[in-house]
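Some structures to go through are shown next.
First chain A sits with chain B, and in the next complex the same chain sits with chain C.
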Partner chain A sequence: MRAAAEPQADDLILSIREVKKHYPIREGALQRVVGHVRAVDGVSFDIRRGQTVGLVGESGCGKTTLGRVIAALADPTDGGVHYSMDGAMCRIDRLEGKAARTFRRNCQMVFQDSYASLNPRHLVIDLVGRPLKVYNEAASSDLVERVVELLDQVGLGRQHLYRYPHQFSGGQRQRISIARALALNPEVIVLDEPTSALDVSVQAQILNLLNDLQKERNLAYLFVTHDLSVVRHMADRLVVMYLGKVAEAGETQAIFDSPHHPYTRELMAAKPDMEAEANVEIRGLEGTVPDPARPPQGCRFHTRCELATSACGWEVDDVVRWLEDAPGMFEHLVGVERTTEFAAELAFDTEEAAGLLSMAVRSEQVPEAMRAAMRRLNLDGTKVEIEFEDVGEVELTARDDGRMAACVLAPQEVASWKSP
Partner chain B sequence: MLDAQHGAAPVASVRDLKVYFQTKRGIVHAVDGVSFDIRDGETLGLVGETGCGKSVTGRSFLRLLPVPPGIQAGGSVMFNGHAVCAACAGVGCGACGSTGRQAGRDSSVDLLGISSEDMRRIRGDRIAMIFQDPGKALNPTLPIGAQIAEVFFQHRTEELIALAGLPADTAGAIRRFASQSPRFGDGWLLALPGARAQRRQVEAALAKMVASALAETQVPNPVKLMARYPHELSGGMRQRVMIAQALACNPDLLIADEPTTALDVTVEARILELIRDLQQRRKTSVLYISHDLSLVRRISDRVAVMYAGRIVEIGATAEIFANPRHPYTRGLMAAAPSADTPRGKLAAIRGTVPELVDPPSACRFLGRCPHEAGACRSNDPALQVVAPGHSVACFIDHPAPSGERPTYDRVTA
Partner chain C sequence: MTDVQQTRIAAGAMTADTAFRVRMRRLFGVLQGMASNPATVIGLVVIALMLVMAIFAPWILEPNSPDPYQMPRDWGAVRKPPGTPGHPLGTTNEGGDVLYGVIWGSRTSLQLSLMVVGSTMIVGTIVGSIAGLVGGWVDEVLMRLVDVFLSIPELIFALAIAAVLGPSFGNIILALAVVLWVKYARIMRAQVLQIKQHDFVDAARVIGDTKLNIYLRDILPNAVTPVTVQATLDMGNVVLIGATLSFIGLSEAGIAEWGVLVSEGQAGIASGRWWASTFPGLMIFLWALAFNLVGDGLRDALDPRTEGR
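For the complex of A and B:
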C-alpha cells in the first residue's frame, strides 16, 4: 500500500511518509523495555526544490527528532524518508554505498548550538574544508581557495581561515556552520533552530543570508523552529507539530490568515507581532505538554484545548490527571483498574473520597466536554466506575486549498471561537 | 534630572554606574556611565543585545557580581525602600492599598556602599531577583519547599515565631532554628521534648507561609509541590517557583533578568501575565531585562534601550515604540521579522556589538550606524531630553559640540 502511495518525482526532493521514531524506556537491572517515548508518531509531508518548509511546535513535540531522521542522523522506527535520486524515490535508510554517500552530501544540517557543533580544537579551514576532503573534492591549495570562496559567500573572509571557533561571535559561528553545510553544494539543508541563540539584529543578518543562498542555489530548507515570526518570514509551507503528530499543515500565509487547529491558534496568540496593537491580549496555554510515552487518546491536544468537545477523546487518564492537581484527593486513590483506555475502576481508601470524586466529575470542577463524554459513572462503596466514549485517533484530514488539519471542529468554529 | 517632570519618587535611582571587568585583553567597560530611575510601582524594561551590559546593570542592584574580576568603577545605586505602613503595622489597610507598606520618607541607601550585612537584609527581602534559567538558579538537591523556606528563615523570623503561636521573646535554640543560624549543640537541644513540640509548631507555620507564597503563583496543589525537587518540574513550573521565591517577602523592587527566555512561547505568555498581575496587585516596581522588544512593549511602562554599556534611549513605552529616535532602537525594531517584510529584506544592523576594551571617545554605535557623520567620530553623545519623558543619546536629535548633526528622515507613526 505504501508503495502505491509513493509520490512521483518532479521537483520533489524529499518525501516524508508516516515517519515514526520511538525511543525505548528501559528499567530495572535487566534493562527491560517497559515502554516507548513516541517522539515522532506518524508524520508525512514533502519538501520541494527551492522551497522552505517550516516545522514549528513547542519543545518536546518531536520537531528536532524529525529533523534528525530526515538528515539520516537517526533511523526511523517505522515509515521512511524518500529521496529523489535519478528520477526515482528511494528510502534513505535503505541506501547503501555510493547512493548513501550521494544522499549524505546532498542533505546537510545546521545545528542550533554552534558552540557544540563546531569542534573547538579545529581551525575554520579544517571545519569548513572537512566535507571537501572527505568527498575528495579538493586538496591542498585548491582546498584553501574553495574554503575562502565558501567563507566569502557567508560574509566571512580569508583572514578568518586560521582561527578557532571560540574567537568568533555567535552569529559568525553560525555563518561557519552554514559555510560547512554549503561546502558540498547540497540540495536540502535541515536548519534546526539556526537563529534561536542569536540576537535579533544578528538573526536578521543570518535570515537574509539564508534567503540569498536559497535564491542563488535553488536550495530547499527544512526550517525547524519554535519562533512563529521567523517561520512566517522564511517558510513557504508550514507544518505545525504537537506531541509527535502533525496538527496542521499548509501554505504559511493561509495558516496565518486562518488557523484550522486550535493549537496553531494558541501558538499565534501567545506571541503577537510587533505590528499588532500594543494592548492586544496575549494568551498562553494551560498546563504542560503531556508525556509522549503515554500520549492522550483521540486528539492529543484535548487536555489543553479550550475548544475541546466530547468527541475529542476524553479518557481515564484525564480523570487521574485532574485528581493529581485536586487538593487532598490523590492521596486517597489506591488503585486504577483499566479495562480499556476509556473505562476503569478507581479504588479509594475511604468511601468519602470516592463520593467526593463522583460528585466532582459531575460538577463544574471538570470541563464540560469531559462530562459530556462520560457514558457511565457508578459509585460503589469505595470504588468509582467510569466509562468514556470510545473515540478513535483524530486523523489529519484534507481541508480546502490543499491544507491539512487534525481537528474534529470545522475551520469556522475554530476561527469564530472567543476566549470567555 | 532625567525625570524631573514626574512627581512620583523613584524607588531606585542609578547614577553614572560604571562596572568594569579585568580581562586578559584589558579592562572591559561593561557598564559605562548608566543613569536611570525606577519610579515607584512602574515596570521599566531594559532592552539590548547580548553583551550590552543589561544583566550586569541588573546584578549591580544586588551586588551579585564577582569582584574581582569585576571592578566597581564608580557611580551609585540609590535605593529608597518602602517603610512598614504606620497605620496598620504591615497587616494591610486602606491607606497603603493593603500592601502593608508605604512609599518611604527619604531613607535611601547607596546599595554599592553599604555593608555586606545590610546588603543581606535587603537582598531577597526588599529587592528580589528572578533569573533567566530556573533550572540553574534552583538548588537541585533541595525540595521546592525548603528552598522557599530559606527566604522566610532569613527575613521573616518574627512573623514565623508569631504564626507558630510562640511568644515574641522566644530565644535560644528555637529562635536560632527560626532564623536558620544554628550553633553547635542545637541539634540536641531541639531534640528535647519541649523544644521538639515548638520546633514542630515553627515548621507547621513555615509550611503555611511557603504554601501561601506558592499559591500566589497559581500553581495547582502547592502543598504537594513543596515536596518535589526542581528536576521533577517543567520549565514553566520552575519559573513559577522562582517567582514565588522572589515575591515571598513582598519586595519593593523586583529585578527580572530575562525570566522567560528559556521557556516556550505558550508558557512565556502565562508567566508574563503572572508577573504583570502580581506587580499590579502588590504595586511592586519591576526592572524587566530582556532582549525581546515585543515582550518589553507588552509588560513595561517605560523602556530603556542599552547599547555597549550605555543607555542610548529612554522613555515611555508607547512613545519609544511609536517614535524611536536612536538609530539603534530603530534598527532593533526593523530587524524583527514581521508579516509584511519581503523575504531576504530584513533590516539587519551590520556588524556586532564592539568589544568594550578602552572605548574611544566617540559614539559607540559608530561603524554600525547608517547615519554617522563627522561629529559622531569625535564626540561621545550624552543622553538629552528630546520630548517630555523621552531622552536620546544621539546627535541626530541634538547638535554635537561642533554644532554639526547627521540626519535621517524621521518616520512618524
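For the complex of A and C:
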C-alpha cells in the first residue's frame, strides 16, 4: 500500500513522522495493563542521502527503541516511518511483497554488541554471505568472491572466511557486522552505538572506516550514541532526545556552537574538555531521569533544568517528588487526590507534616520557578490543597537557520546563562 | 570454459571443502572434550559394546524361530545354573536361555530407547518451539497442558497409561512417549524464548530472511544443546522406567526383554536361583549408567560457557 505522496526533495530517504513507541506495563495474575512506558513519544526528523544523523541522549531516553522502529524491527504505536520509493513516501509498516523487500535491502543495521549480533555457530562466509543468499544474489564460488570483496572493503581478507566470530577481536567483529550490512548495498544504515564497546584506538579505526564507506557509497547513517565527541566528528545533523522526545535538532556544528536547549547545554558541559579527552562518555547530569511511564508535564526536562521558569510545567508530581526526597516526609503522606495533573489535595497523617509541607513549598527548599507557578496553596488541618498553573506541552518549534528546540526560553537566554 | 571460470570453480570446491573441515574440527573439539573425561569414555565404551551386541545378535546366537524376540524354550533344561553346557548363564523356570535374553534383550532395549526418546524429542521440540515462537494464547494453552502432565509423577503416569492400554511391549513404548515429551517441550520453549531475544536473530530479520530460515538457522541450532543432553540421559532412564513397568507385569510374558526377565526370575531368588534376574538386571544397570555418564560428559563438553570460545 502506498501512502499519499508528499512533496519531497530528491535526496530524502527516510522521514520519521511523529513516531511513538509505548510498551505496556502489565501487573498481577491477570497481566492487566496498568500503564505504558513511553519509550519514544512523538519524534520526527528526516534522513537524507549521504547524510549522517546523530541521535544522542542519556541512557534510557529511547534511542535504541527508535532505531529499531526505523529498521522495522518494531512497529510504532503511533505515527510512522516513511521511506522514499519511486518518488513517493511509503509507510514502512504498510509495505508488502516486493516493496517490503526493497525497503529491507536498503535499510540495514549494525548493533552495539558485535558478539551478540553474530550467530556464534556461523562462519564469516555464512554471516557475510547470508544477505546475498537471501536475495539470491550469489551462490557457491561467486558467493565466496563477493564475500571476499566485502571483507576487503572493511579491512579483512580471504584468510578470515572460515573462522567463527569468537576467533576475532571486538573491532574485527564489528567490521564483520559492517560487511554484512554493506552486502546488499543499502541506502541507509542504523548504527546503534557501534563503537561504544570498543577500545579508544579501535573506536577511531571503525569511525574512519564508516566515514570512508559513506563517501564511497553515498550512504546515509543514523548514528545512535551517547558519546557527544563521537557524534561531533561523525554527524551532519543532530537529534538530541530526552525522555522519548526531541529536545533539540539541527546542524551539528551549529548546536555545538550554541545549544538552544538547556539539556543540550548540560550534556555538552557534562563532558570535561571534549577536545582533549576525546572519549569520555557523558558523565551524567545532575538529578535522576524521571520515570518514562509518567513523564513530567510541560517540558519533560523541568525537573532537572536549572533555567526552568514558571511556564515549564510545574505540577503535583513535583511536590510528590520533593516529598520523596525530603527526609522523613514521605511516610506522613497518606493520600493524593488529584483533580488534574496540576491540582490536588494532599492528605497527611499529622497536622505537623501538612504544615511543614506548606512551609517548604513557600521557601527556598523548592525552586523559585516552582513557587512562581503556584496558583493556590491552602493548609486545612492535615490536608494541603495545592494548584499550579495549567500549561500545555512545550512543543518542538523551529528557530532561525532551520534549528528546532523544545524550550520556552529564547536561544540567547540559554546562551547567556551562567552556572552559579 | 574460460580460465577465470575454471579457477573460480576450483576455488569454490576448495572453499566448500575448507568450510566442511572447519566445522568438523569444531565437532572434533567437542569429542575431544568428552574424551578427556574418563567416566565419559567408560560410558561410551559400554554403549559401543552394547550396540555391537545388539547389531550382531543374530551372529552371536541363532535367532529363535519364528519370533527371535521371544525367549527360546528348552524344556529339557529348566532352572539350570550358569555353566550348564549350552546355557553358559543358566536357564529360567521355562527353560529360557538367560544368555539369549541378555543378548537379544539389548535389541529390545535399544528399540525401546530409540523409539521413546526419538518420538518424545521430536514432539517436544516441535511443541516447545511453537509455544516459544508464537507466544500469546497458543503458548498459554500448550504450557498449561505441559504443567498438567508434569504434575503427575512420571512412573505413576506411565504405569496408569500402560495399565489402561493393556500389557504389551508396544504399549510400554507408547506410555513412556506420552509421559516424557513434555520435558522436551518445556526445555525447548525456554531455549527458544531466550534465544529469540538475541541480537543475531534481529540481525537476520534486518537482512530480511524468512521466519522459517531464522528458526532453522539461528534459533534451533543454538537451542538443541540441552535437548541433546536430556535425550542422552533419557536413553538410559527410559530403559529403567520400562524395566519397572515390565517388572510389575505390564509387558508381554516370554519376551526377550531385560525388565521382563528380571520380573520372571525374581521369584527364584529366594530359592537360590539368582542368575535368571541378576544378569538382565546388571544389563539394565549398565545401560542406564553408561548413558548417564555420556550425558553428563556431553553437558560439560557442550557447556555454552566453554564451547567454541
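In the analysis below, the second predicted complex is superposed on the first by the 399 of 420 C-alpha atoms of A that agree within 3 Å, B and C clash if a C-alpha of one lies under 4 Å from a C-alpha of the other, contacts with A are read in each partner's own complex, and residues count from 1 in each chain.
Basically, contacts are C-beta pairs under 8 Å (C-beta built on N, C-alpha and C of every residue); 3 or more make two chains touch, one makes a residue touch a chain.
Treat the numbers as computed from the prediction; the structure is a model and nothing was measured.
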If touched residues of chain A are counted for chain B and for chain C, the larger one: B
Touched partner set for A:L356, first chain B, second chain C, both or neither: neither
Touching partner for A:L123 - first (chain B), second (chain C), both, neither: second
First, second, both or neither for A:Y135, with chain B first and chain C second: second
Touching partner for A:A369 - first (chain B), second (chain C), both, neither: neither
First, second, both or neither for A:Q203, with chain B first and chain C second: first
First (chain B), second (chain C), both or neither touched by A:L377: neither
Chain C residues within the chain A interface of the complex: 8-9, 11-13, 15-16, 18-19, 21-23, 26, 198-200, 202-210, 213, 217-218, 221-222, 308-309
In the complex with chain C, residue positions of chain A that touch it: 68, 71-73, 101, 104-105, 107-109, 111, 113, 116-123, 125, 130-131, 134-135, 140-142, 144-145, 161-164, 166, 177, 180, 184
Residues of chain A that touch chain B when the two form their complex: 58-59, 169-172, 199-205, 207-208, 211-212, 215, 226-230, 232-234, 256, 266-267, 269-275, 278, 282-286, 288, 324-327, 330
Chain B residues touching chain A - in the complex, by the definition given at the top: 49-50, 220-221, 223-224, 234, 236-237, 264-273, 291-294, 297-298, 317-318, 321, 331-333, 335-341, 343-350, 352
